[in-house]
Structures are given as C-alpha cells and as structure tokens.
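What follows is chain A paired twice: with chain B in the first complex and chain C in the second.
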Partner chain A sequence: MRVGKLPARKARILALRYLGAGVVTLLFLFPVYWLFMISFKTPDEIYHVPPLWIPGQIQFSNYYVLFKDGDVVAILNSLIVAGVSAFIAIILGTLCAYSLARFGTGGENLAMWIISQRMIPPIAVVFPVFLIYVYFGLVDGYFGLILLYTAFNLPYVIWMMRGYIVDVPLELEESALVDGLNRWEVIWKVVFPMVRPGLMATSVFTFVFAWNDFLFALVLTRTEVITFPVMLTHYFGGQSNFWAKIAAMSVLGTLPIFVAVSVMQRYLVRGISLGAVKG
Partner chain B sequence: MADVKLSGVHKYYGNVHAVRGVDLTIADGEFAVLVGPSGCGKSTLLRTIAGLEDPDGGTIAIGGAVVNDLRPRERNIAMVFQNYALYPYLTVSENIAFGLRARKTPEIEIRKRVSEAAEMLGIGNFLQRYPRQLSGGQRQRVAIGRAIVRKADLFLFDEPLSNLDAQLRDEMRTEIKRLHHEITTTMIYVTHDQVEAMTLADRIVLLRDGNIEQQGAPLELFEQPRTGFVAGFLGSPSINLIPATFKTNGPEAGVVFQSGGELTLPSAKARPLASMNGREILVGIRPQHFSRAGGSLRDGVVSYSATADLIQPTGTRTFTTIKIGGVDAVAELQAHDVSSHGERIDLAIDLNRVVLIDPSSGLVIA
Partner chain C sequence: MTLSESINAAEQRRPSRFGRMFEDRLPYLIVAPAILILLLVGLFPLIYSLIVSFQRITMTENDTSFVGLLNYAELFRDTRLWASLGHTAIITAIALPLELLIGFLMAQLFIDRMPGRQIFVALLVLPTVISPIVAGATWRLMFDVRFGPIGQILSFFAGEPVRILWTVNPSYVYPAIIICEVWQWSPFMFLLLLAALSNVDQSQLEAAEIDGASYLRVLRAIVLPAIAPVIAVACLIRGLDLVRIFDIIWALTEGGPGSMTETISLYTYVQGFSQFETSYTAAISFLVIALLTVITTLVLKRMELAR
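Moving on, here comes the complex of A and B:
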C-alpha cells in the first residue's frame, strides 16, 4: 500500500474507525487492567475511596503470599490436568476423527452420536460420576480429573478434527501411500501438516475447557489436587473477601491462557476461520 | 520395467458393478491408455492396479508377480493424479524428493535424481518455490517429476491433464509422449479425452460399463471399430450415424434412408450383408470422409448434394452441418469449401470407409 497523504474524507473515516476500535478495546481491557492493578495494591489502596487508578508503588506481596502459603500449587495442578488431558484428547481424538473421515467408521451417524455426548449438561452427570469415582477411589487425584476431561473433550476434538481431515484432498494421502509411506506415516507426514492450523486451534480450546472447568474440579477434588478455579473460591469468605489474593491468583491463572493464545494466534485465526467456512 | 496382467478383475461399489471381469495384458514398456466415458470403470481399474482399491475378484500381476495382497507402496509403482497431489507445505524440491525420502534413499542420490528430473522437465528454476507459487502446467510437471525420480516399474496416470487449459494440455501431452520415449517404462494412462488416447497410446483400451469394449492400436480402433460405441467414441467431431435400410438389387447393394434418398455401397462393404436384404442398419460416416466433389469420383466414392446449415470454421478445416437421411450430420471440409448458411454444396462421400452397424446388437457388420 502506498504510504502518503490520504484524501481528507478517507482520513476522517479511518480516524473514526480507529476511534471506535479504541473505545471497544478499552471497554474490554478495563476489567483486566483493574484485576492486574488490584493484584499490585496494598489493602488500604484496594479499599480506597475514591478508587485509585494506579497503585502508589508496584509491590508483589500479594503474589508472595500465594507462593509462601503454597497456594500456587493449584496453578501447577491445573497445568498438569489440563495439559495432559488436552494432549491425550488431541492424539486419540485425531486418530478417531481420521477413522471416521477416511474409513467411514460407524457409518454416517456415529459422528453425530459422538458430538451429542458433548451436549449433555455437565451438572446432570457430575454426581453419578462422583459416586463412580468414590467407588473406584479416583476422587482427589490427577488421574480422575485427567480421565474426565479427556472423556469430555474427546467428542469435541473428534468432531472438529473430522471436519479438517475431510478437507484434506484424498489424493495427497493416496500419492503418499503409492510413494512408499504406510498409513501411520501418512497420518504423521501428510495429514498432520495439512490440518495443523485446525489442530492448534482445537488444542487451545481443549486446553481452555479443562483449564476453566470449575464444576467437576469442585466436586471431584478435596485437598490433594485442587485446581486454580476451585482455589479461587477459597478466598471468598463469609465475613470478607480476600481481594488481593483473588486478584493475584486470577492473574496467575490467566497467564497460561494468555501465553497459549499468543503463541498459537497465527494458527488460531486460520483454524477457526477454516471451520467457519466449512460450516 | 514390468508387464501388467489382469485376469478376471471385478470391483463392486455397493450394488454398482464398476469393473466386470476385465482381462488385460500390457507389455513391458508399452504405453496403454484406458479410455471411456464417465463411469466406465477406467479410473477404478487404474486404482485397483495401484492398490488403492482392492479387487473383489480376479488377479493383478505386475512383472509376473501377483500383487493382489501387496500394499500400494510394495508394488513399486509411481502415480500422477489429476489434481497434482502436491504437498502444499513442501517446496518443489521436497515434493519431488518425497517418495525417495520415504524409501530412505541416500541424500546424495536424492539430490542427483531431483536435479536430473528437474532438468528433464524444465522446472530447475522453481525448486525452492512452493506449489501455490506455480502455474497449473508447472505443478503437473512437478507431479510428473515426483513420479520419474522413483524409477518405478510402472507409471500410472489418472487424467493428469484434465485440469489444464487446452493449449497447455497439448504441450504437456507432447511432453508425456517424449517422456515415454526417453524412459521407456510401462505406462498406463487414464483419460476420457479421445484425442489424448489416440495421440499417446501404443494401445488403446476402450472401456464401457466396466468391460473392455475393444483394444488395439489407435488407428486400428479408429478404422476398424468392432461396435458402434467404439466408432462413436473415437474421432472428433464424432461419427455421423444415420438410420437406414439395407437393400440389394441384383449385383448392386445400397442403403435407403428412412426419410428418403439412398447411397450405393462399394461391393467390399456390401458383401458381408448379402443375406440381409431389408434389414435396418446404422450407416456410420466420419466427418473426414466428406469432401467437396470435383472431377471424377474414385471407386466407392459417391456424390451427394446438400444444403449447408451450420458452419463452424476452425481455421484449417470447416465443420459444416448438413442433412443426410433426415438427420443432422457433420462434414469436415476444407477451410474455404463453404462460405454461407443455406449454400448448396456438392459433396463426395468416401463409402469405402463407411461403418455399417447393426442397431439391435450395436456390433459393426462391415
């Protein structure tokens, strides 16, 4: 594009657009900003009237407390549970999706049946699951949560990945089969590179689902494997709320998602729009 | 290098019997073209040879060994697809080398073969580009390059030129022909385009409804079709088929068109029909066997006067639609033989090369 003077009318329209975008961005970012600021404030500053837009000095004592008390282990727990379950769901789900897409496994209706598993309200199954977990001794452990999140994410992964895989031209795979690859190599060297944007986007959403889950984590954990959303609720007391801890913990809990989305952004945009075009 | 032998090959898709007991032998080094209309089973047959489809009956042998139970990669074949099947995330060079890497060929050998193939196909300047940066013709060259470097026993082409525009298709056709002269590997080529089939093939295998209708050298099929279908499929514009009745009158024999008019047949053509007086037949006259009448007529050439209806000049030749026996027929004349719609023209028809077809069986009688 040519950089130089724009005609006055176009310049005005452009300015208005930026102004609009700026206002919307401010609106969306303000709560995040406020959260960050609280996490750096002292208790006096938090309850100050009128509110202080910027803390007097940036101090990390709110975070320090979380580390000192060992509360940050909740973040680690969430990372393990969400990370491992997302990884397993992606690997298993993509293979299932390949089978559905290429071998017509289960006929025409299996895919629909699988995604329908995702439509059940979690609250309807949480207590039966709890009873089963109690019976098998899975409550309050990594394995139980990972198993549950994997099971819940699998239908989503299968559904999404099936769509992406169907879009890969069959000839690419056939050509590779003729050229000397076996089926596993075809999946690894042809299908994965072709569906990478979709795979990345699906991975992020899968991770985020497990990361943000509150209901299952609340019911299925006690003291050993408390995840970050459950830990947050401990700071809401009957008498008072620990705003400093809530803010600091929330910031810590937001960071992994922030990092994941930033790293994957390139793929996310393509992956999501791929799905959108497909409908 | 290898010959290919199919014996009684069947293939079903659900209730559809796509290939119906095909027996076919393709000699080592031969260029065989499988041709036929959509749904005739030609691509299915090719894919069965490749191992991408399992036959439901019969055997497939490559180089004397039955390969029914071998996977595609174990058959040592190379295949070129209609939509090129290039990996968009790999460069041209990596695409060409793909099959060699899959077979763990040493890198130094890969580099040598890739540059040889690139040289042969004139794509040496594009090796570091990605497929999306290439034109259709260049992409197809890359796809062919990927097949060449493999030094496979057998080359399979599945309508490789169908996605190209007309001019490029002509160029690539010539290149594929030259390629076969240079590397002399057995090639099986599928197309629905009869011009491609005629120009490329050592042998044409014409398929219809999952059966081989006729096979042989291109000119053999063109000049001595065994069925009306073969006569109609090969040749462009296609052969004119005119319904008529066969009549003998003493030593003379001819055809009487149902809407009036008749043509006297040369004796060589009439003899096989001697006992068929009064039989309905289809008279097949190729557009190329019409010409402007002038001077004396050779034996077996008859004159026919007609009115030019539609005139389609192609530059070198002019396709002219005329009425003959009540149906529209196309005559391929010299460029300036006819100038305007409605013009009365005297034509000569070479009946020595007429094809007479039994309309009930579809078989060529003479």
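Moving on, here comes the complex of A and C:
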C-alpha cells in the first residue's frame, strides 16, 4: 500500500489512483447526471433514439410545468413534514438523551428498549398505524405524518445525542450549577451549545430520513398532503411514463438533500453509521 | 437592611416550590415526552396489531371473535409468502456481499491521502443520500430499452443492437434491482470502511512493510481483524435494510413481472392495502418482526463472540 521507493514510481501510482478515482466517480455519478440532463431536455430530446447524452440547450420548461400544475406542493409538504418532525425529534430526543446520559434514567434497559425501537421494520408498523389513524381521522394530514416521523426518528436522535452529551465535560456543567444556573438552564445554555455540531449532523440525518421516506407516506397520504416520493410514483403509468416530470421532480426532491449533506460533510460518517464507528 | 427585607431577597433567589418540584423531577420530565411518543406510535399499534392477528378481520367481514393461531397456521400454507421471503433472501445474499466488496475496494482506492480526495468522497456519497424512490426512478430511465443509455452503451460494446427489457424480462429483473441497490449503497459501505481503515494502526502496517510482508498477508493478518467490528456493524445495518427492501423495487418493477420480484415488504403491503386481509397482514407483520429479531440477535451474538 504505502510503497514508493522511487519518485517516478510514486508519481505513476498516484496517476493510477487518480485514474481509478475518476472512473469510479464517473460510474457512480453518471445516473445522477442522466437524471439532471433529462430534466433539462425537451420532449423531442427525451424520446430521441439513440438517446442524447447532452441536451441541445438547458431549458427549464419541465420545471415550469411542475409549478404550473401545482405539483411542487408535494415538495412544500415534504419540507413541512420533514422539517417539523426533525425539529420536534431533535428537541425531545436531546432532552431525553440528556436524562439518559447524566441521570442514567431507566438504566441500560430503557436505552436498549429505545434503540430496539429502531430495529422494528416499518412494514410491520405501518399497517396497525394505518388502522389506528383511520380510527382517529389522522390519515392524509400533516399531524399524522409528523407524529409518525417524529416517533421513527426519536430512537436515532436519542442514541446519537447520548453519545455527544457523554463527551461534554462534567466540570463545565458543575461550574454552571455553582454559578447559580438551574439544571434546566444548564441544559439550554451549556449543553446545547456544546453539542451543536452533533445537533446539526443529527438534524440533517433526521430530516433526510423523513424526507426520503416512501412507505409511510404512500400509506398515510391520499390527496391533501402528498409528499414528493409519493408524487413521483404517480407519474409512473405503465408505458406512458411522464419522463420529463419524473426527472424534474426527482431533481427538485434531491437538491435540498444535496445542499444539507454538502454543508454537513464533516459530520457525515458518524451520523450515517449511527455512531457505530466510534463504538 | 432589615431582617424581613433580607428574607425576602433570599426568597427571591431560592427557586419557588414549583421550581424545586420541577428540578427534582427533571430527569423524568424530560424523558417523558419522547417515551410517550414512542409508546404511542411504536408500541401501541403493535399491541393492537397483535390482538388483531388472533381475530378474523378481512375486507368483507369484521369478525372480532378470537380464532387462536389460525392466521399464523395459514402462514405456513401460503406459498406466495415463502416465495417472497425467498426473493428477499436472494436479493440480500447477492447485494450485501457486492456492496461490501465494492465499498472495500473504493475505500482502498481512497485510503492514502491525495489532493482533492475530499471532493471525490463528497461526490461518491451522493447516491446514498438520494431517496430510494428517486434512485429507482433514475435507473428505470437508465434501463429503458429505447430511450435509456444502458442499452446504447451495451450495443456499442456488443457491436450490434442490444434490446433488453430490464424491468420486465424475468432473466434481467433481478440484475436490474441489484445493480440499482448496489449503486445506491456501496458508497455507504465505502464511507464506513474508509473511516475504519484510517483508524488501523499505522505503525503495524509500517512494521509489516519493513518485514516485506505481501499485500494479501497484511490484509489478512492486520487490516481485516482491525476493521472486522465495523464490517459487522455495516453488514448488520445494511442487512436489516435489505430484508425490508421496498422502495427501489416499487419504483423499478412494482414486484413484477407477476410476483417474481415481490419481497416480503411488498407482499405485506399487497395483503394489507389491496387485499385488505387485516388479520392476516397483522400475522405476517409479526412473522417479519420475529425473523428480524432472530437475525439481529444471531448477528449480535457472533459479534460478541468475535470481540
């Protein structure tokens, strides 16, 4: 691996590695490129044989159609549902994590129960949740989806934030207590600022989980609160797929994620592995 | 300052009775909302569903009398259910090792520092964070027999027109699903393994290098044991996700042709939301939970042993 006695050999290896890196990146990004390109194509270009790799010009009529037909409301719905549920899960989850980390509330059993909640397959929960939601009239509304996503994200938030909170030096909190702050103030004025990187990273992932969810949204939305993945599947219709709409909607639904993830790049690894790497 | 004044001042500084009560119960008060929501949305439906699974509720009948294990007995006679479990197992058994291998190779490629590495890593992560429905839709466009680039590229290399109906032809639906799945999740493995590999003890590697140990030997004796725990966790996370795979298949094949690519999640969905076999679906749900619990426990046990 780390060989290279001669500079020439070193240079050759580096060049080979760049070549490999370039090929791998091209392979993995080509589908994303293709998606973006279709979203800029005219219908003639989309249904051209053989397929065109570069559109004649960048034009936005496919996006304009989404706005004109009001389909973008699905993006708005996703933003509301994912945003609000991420916010609630972060606040409630971090408070809970603080109690678990500092007071050992419920002991190891409670912590294990919480993480086991994350292992439950969505398909096993979605059906009973649907039955109960029908009973309480929560189907096809913001509240029902937000409640569900909050619940599904809580174990993740608690697990992650517990790890971050344990890392906050105890002396810091103690000296704040001595200075006359009460616990509640310590949590908000000392702990929350200290774990801000963790909070940011966890928020992004919580948002992404809710944003990308399809199964719950498919079952629990009808016409009023359609989220963007569900809207996307409405365009699949046997042989007559609305390719232009599929591509444009996919891009719109992917951009917020790209932005969030590129801002949070540094914290990605720990978040994505549920803190597994750090142990 | 008079005595009463100083008492008043002290009173103000000390928290009120309500404040003290709040303070004492704080550990429980701040745990409560989260636990309440988890119980409400996580546990309550499961209990309800457990009860339903012992009843006989279908689309046409609302028979709430208890029938014991009837629904569970039916599980064993349901060939479509076992077929769907088989499909899930096939996809998991092929996709998981592929993702691990490709992720490992990618991590090897990027383990040594090189200028611009961060940019490559940032770009390579993109497939993983995309919504699986978008991933499925994208590959549906890619695979299209007339307007997609895959056929075009294959034709170019074959030197003759290649026309494969990837999402319809029984011989190609599984490759199509697995390609999409591996495309989306290899970068996830890559990210975890890259982090794990950079934590491998450098002095050991250097010592092995000085001793002239071959690459494969170093890999087997030093690198793999060091990253084994991360591999185990990564496989557990991805394995659990693969067993409940739904979105990508829904977007690519919708379980077709026929029910050829129907996984357990899709089958459960069909039973619950197009056949409305309420009680039976509840029974399937518990079969799925039981299976996943067994798998998770076994994997965790093995991880404990490996430690």
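The criterion applied here is as follows: the second predicted complex is superposed on the first by the 258 of 279 C-alpha atoms of A that agree within 3 Å, B and C clash if a C-alpha of one lies under 4 Å from a C-alpha of the other, contacts with A are read in each partner's own complex, and residues count from 1 in each chain.
The criterion applied here is as follows: a residue touches a chain if its C-beta (ideal position, glycine included) is under 8 Å from a C-beta of that chain, and two chains touch if they have at least 3 such contacts.
Note that the structure is predicted; figures quoted are calculated from it, not measured.
Student: Do chain B and chain C fit side by side on chain A in the superposed arrangement, or is it a clash?
Tutor: After superposition on chain A, which the two structures share, chain B sits beside chain C with no clash.
Student: Touch test for A:Glu171: chain B only (first), chain C only (second), both, or neither?
Tutor: Once the two structures are laid over each other on A, A:Glu171 reaches chain B alone.
Student: Taking CA centres, what is the chain B/chain A/chain C angle in steps of 10 degrees?
Tutor: Approximately 90 degrees at the chain A centre.
Student: Is A:Leu199 touching anything from chain B or chain C once the two structures are fitted on A? First, second, both or neither.
Tutor: Neither partner.
Student: When the two structures are overlaid on chain A, which partner does A:Val32 contact: first (chain B), second (chain C), both, or neither?
Tutor: second
Student: Is A:Val190 in contact with chain B, with chain C, with both, or with neither (first, second, both, neither)?
Tutor: Only chain B; A:Val190 stays clear of chain C.
Student: Determine, under the contact definition given at the top, whether A:Pro229 touches first (chain B), second (chain C), both, or neither.
Tutor: It touches chain C, and chain B stays clear.
Student: According to the contact criterion defined above, which of chain B and chain C contacts more residues of chain A?
Tutor: Greater contact footprint in residues on chain A: C.
Student: For A:Ala86, is the partner it touches chain B (first), chain C (second), both, or none of the two (neither)?
Tutor: In the superposition, A:Ala86 touches no partner, neither chain B nor chain C.
Student: Quick one: classify A:Asn182 as touching chain B (first), chain C (second), both or neither.
Tutor: Touch status of A:Asn182: both partners.
Student: Using only CA atoms and the superposition described at the top, report the least gap between chain B and chain C in Å.
Tutor: Once the two complexes are overlaid, chain B and chain C approach no closer than 7 Å between C-alpha atoms.
Student: Could you tell me which stretches of chain A are touched by chain B in one complex and by chain C in the other?
Tutor: 182
Student: Over in the complex, which chain B residues touch chain A? Could you list them?
Tutor: 50-52, 71-73, 75, 77-79, 81-83, 85, 87-89, 98-99, 102-103, 146, 150, 156
Student: Which residues of chain C touch chain A in the complex?
Tutor: Contact set of chain C toward chain A: 15, 19, 22-23, 26-28, 30-31, 33-35, 37-38, 40-42, 44-46, 48-49, 52, 106, 108-112, 114, 118, 120, 122-135, 137-142, 146-149, 152, 183, 186-188, 191-192, 194-196, 199, 205-206, 209, 215, 218, 229-230, 233-234, 237, 240, 243-244, 246-247, 250-251, 254, 264-265, 268-269, 272-273, 278, 281-282, 285-286, 288-289, 292-293, 296.
Student: What residues of chain A sit close enough to touch chain B in their complex?
Tutor: Per the stated touch rule, the residues are 169, 171-172, 174-182, 185, 190, 193-194.
Student: Which residues of chain A touch chain C once you look at their complex with the stated criterion?
Tutor: Against chain C, chain A makes touches at 1-3, 14, 17-18, 20-21, 24-25, 28-32, 34-35, 38, 46-51, 53, 92-93, 95-96, 98-100, 102-103, 105-106, 110, 114, 117, 119-132, 147-148, 150-152, 154-155, 158, 182-184, 187, 208, 211-212, 214-215, 219, 228-229, 232-233, 236, 241, 243, 246-247, 250, 253-254, 257-258, 261-262, 265, 268-269, 272-274, 276-277, 279.
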